[in-house]
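Taking it in order: structure first as structure tokens, then the write-up.
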Amino acid sequence: MAESTKPILEISELWVTFPAYRAEAIHALKGIDLRIDQGEFVGLVGESGSGKTTLARAVMGFVPPPGRVERGRVLFNGRDLSHLDDDARRAVLGRELAMVIANPRAELNPVIPVGRQISNVAYYHLGMRRAETDRLALNMLRAVRIPDPERRFNAYPHDLSGGMAQRVAIAMALICSPKLVISDDATSGLDVTVQAQVLDLLQRMVGEKGAAALFITRDIAITAHFCSRIAIIYAGEIVELAETAAFFERPAHPYSIMLLAAFSHSPALRARWTRVPSDGETATTGGCTFAPRCVRRQNRCVVEAPTLRQLTGGRRVRCHFPVESDTA
Amino acid sequence: MLLRYIARRILYVIPQLFGIILVSFLLVKLIPGDPAVMMLGPTASEQSLAALRDKMGYSKPLWQQFTYYIGAAVHGDFGSSWQTTRPVTEDLLQRFPATLELVTFGLLAAIAIGFPLGVAAARLQSGPVHKFAGYYRLVAGAIPDFWLALVLIFVFYTRLGWSAPPLGRIDMAVAPPKTITGSLVIDSLIVGDVGALSSSFGHLVLPVLTLGIVNAGPILKMTQITMTRAFSSEFVRYAEMFGLPRRVVLRQAVRAALPAVVTIISVLYGFLIGGAVLVEIVFSWGGAGQYAVQGVLNADVNPVLGFVVFSAVLSLIIYLVVDLIYFALDPRTRG
Amino acid sequence: MSALLEVQNLVKLFPVSGSRKVVQAVNGVDFAINRGETLALVGESGSGKTTVGRAVVGLIEATAGEIWFDGKRMGRGRNIRSSELRGRIQLVFQEPAESLDPRIRVGETLGEPLRYLGLSRADRDARVRDVVSQLGLAERVVDQFPLELSAGQQQCVGIGRAIITKPEFIVLDEPTSALDPTARAEIVDLLIRLQRDLGTAYLFISHDLSTVRFLSHRIAVFYLGMIVEEAESEELFARPLHPYSAALLASVLLPDPKLKQAKTIMLEGEIPSPIDLPSGCPLAGRCPFADAQCRVALPPATAVGPAHYVRCYHHDRVAALDQTVDHFARLQADMNKLLSAGAN
């Protein structure tokens, strides 16, 4: 497939390390490769501790100290954000690259009305006058379907419910029409009906502007309906990368299957794909990180770490014995 | 709604004042020393002492004395000081402006020193400024204000001859300006009396510097702590995530740290009204604190009580103003 | 056989400070749970389900209504702390890390409820070891501190602490909401196994519909302090008859791009505040089928099948929508196929 357009995000061989006191350093991310094209919706699914939040921060150029990028790079629209100086990076964040996070109510400034906070993002990035950015912010509030937008413009974060605060966060993220929107578990903690509305809203608004989106989440079900490609992350590595439809038809990596098995009501079938590591058993250095929990492990897995290799249909799997290769 | 709140607070002042006066009255009566003896001298006869006590009402039961006092106080009559032989109200009205001028400017100086240092120390987590702020914090808490006053006088007056002599608020040869606010400096400014202005300002420099240097310590500490917390707070990180310029983020962080700083300033203010007395004495300032201390030493009850009431009212007003400032700063405190 | 727990016309109002208004958290709730059975209370924030859970065990005093446990009335001093009820009713909370004392070892935490039943240390330790193996945890967990465990393991301990007194009834308030999907599945397996072994009844409060379908015998759907529909699990998922239940089910995302829920029911706006509720059906402001009757008079609970009740005047219109495809069942069928192939 020819790449006529430059990818909006290109992560190559990214390693992020956190030094540990008198112990081996912890690799939060180990050689991540991920590419997102313009206008593409990609999902990144992992459990807690998988490194997905670190990845989100690294993309923005914000690895929290004492962590640091040890190797590799992140190119946003062709530029490495972590190598830009502070002012240049600030010009990009919020303008071309924006993030929507979970529970934004705690992150919004408690003493500034929400309408003004949305307006601020436009004011400091687009060089328009305050009256214009306020108008733009009000339009955004209407676009995110917040009830009674004129009144809510002057509301404070603590006056809003969780769902409304999330809409405000989306308005802030989208007001400058960014090229890439990252959702970091943006809908966790929301009621189910509100989550459905918020996701629909995100999909519609991001799609309308032709922007790309990275949905980082614990809930694999979200990616099934909103992403065209899906990546599974485990212990700092991407273990599977595939087109959504093909993935859900037949996941290849045993961990991916284990994630899906969590939705099954059959404990027997679930047990079939779960291996409880014996007491004290951890991944061997040089071997596959998932091996202790893998039901398909062989001797080769313990000594040789698999690489992310291509399978049929453009799918990439980090496994010596992915499931697909078994089917006749 | 706001007016209702203010009205309610002002209404609360009445029982608060009553309580303060009651407790102070009882405590003051515990001051050792018989005022009759003090006034008439140790050689006075028992008869004249008893007569004097009767006249001053000290032989009546305590609750009667209290009722009488309250009754008079409501009319603005706080009795007379047997030391100055003038009504306490008059004495205080003459002296309070001096204290207020000193304390207000002193606190402003403290803010001017402590606040920027605190902000800078919070922003720059290392480096010379941070170190300096650290030492300052330690030292400022340990310095006695009267000692610093004496040192400053020694250096700037005795040795260098730069400053005015530490004798009161204005040169004895210079006529004070018309009383408008009670502050010599401000009144001179308003009236345009340059001579009075330069004299009163010159006399103000050292005591204000003293109070400023010493009290900048707690302000610096509080500012640094809340600013550090504000900088690592979530909404600052959120603002950074949206690429807001550094100065905007700084402004927002300062805004968030302000309520705590305002609180400590108000506490200092209330404290300094009486707590600046040592500085007042060193500089012969003629302030109300000095007056009250004299009253205590001489078992002169009325000045002491009068001072307590005045400063209590002042403190309550300050706290009300501070709460209103809070409302303006932090919308979460409303309704 | 009389029900283990019976709740009749439960009402709970919370006063709003500074005004005479009240928060109508629970507005007349009736249900019953039999021994060894699981009833799920589902609903979104503000539905009142958590308040009901707390009132049932007596952590909060009901404003009105009656709660009967094992044939005797609860309330006015007879609650979860009463000596004759001690250990028979237990509670599991949502945030495992917050409900375990971080400075006490897991073994101590597990044994704590037994102290109040007067067991000796030797007996307590033996029971703790039993429970740990029932939970499927390694023995050395007993000496560890909560923060050394994963979130899923911590929640196991929370459950262990609840079952160690062999209770007849456990109220679980969103026990899986804070967990990853795989840990969630393990907890659910554990709960089912324990119910089978101990015969404990559960009141399972949750907003996670897929978990609830698996675990519960019956489900009660809550909206603004009222039960709007109650049915057996599979029946509710196959044939939801209340507009809110239908909308709720339609919002659930399933991990299969082919199973896209039809947007047959759309609810406008957000859940209103439970202060000053208007009379009539609580959903009237948002429901596409609402008419004048709905706004004036609260629909009575109508039986629409064996053990299936609905509070709606227009449940026939809901039935007429093409909701007959039970996506959840389809997902399970697909899952079974997917998971059966390929393991070694």
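By written order: A, B and C. Residues from 1 in each chain.
Methods note: a contact is a pair of C-beta atoms (placed from the backbone, for glycine too) under 8 Å apart; a residue touches a chain by one contact, two chains touch by 3 or more.
Note that the coordinates shown come from a computational prediction; the quantities given were computed from them, not determined experimentally.
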{"item": "Most remote chain, CA-based centroid, reference being chain C", "value": "B"}
{"item": "Between the pairs A-B and A-C, the one where more C-beta pairs touch", "value": "A-C"}
{"item": "Whole-Å separation of chain centres (CA-atom averages), chain B against chain C", "value": "59"}
{"item": "Centre-of-Cα separation between chain B and chain A, whole angstrom", "value": "56"}
{"item": "Chain centre separation (chain A, chain C; CA means) in Å", "value": "31"}
{"item": "List of chain B residues in touch with chain A within their complex", "value": "234-235, 237-246, 248, 252, 255-256, 329-332"}
{"item": "Complex contact set, residues of chain A against chain B", "value": "60, 62, 86-87, 89-95, 98-99, 101, 104, 106-112, 120-121, 124-125, 156, 158, 172"}
{"item": "Interfacial residue positions of chain A with respect to chain C in the complex", "value": "47-48, 147, 161-164, 191-196, 199, 218-222, 224-225, 244-245, 248, 250-251, 257-267, 269-270, 272-274, 279, 295-296, 323, 326-327"}
{"item": "Contacting residues of chain C [partner chain A, same complex]", "value": "44-45, 138, 140, 151, 180-182, 184-185, 189, 192, 207, 209-210, 213-214, 247-248, 250-258, 260, 267, 269-271, 331-332, 335-336, 338-344"}
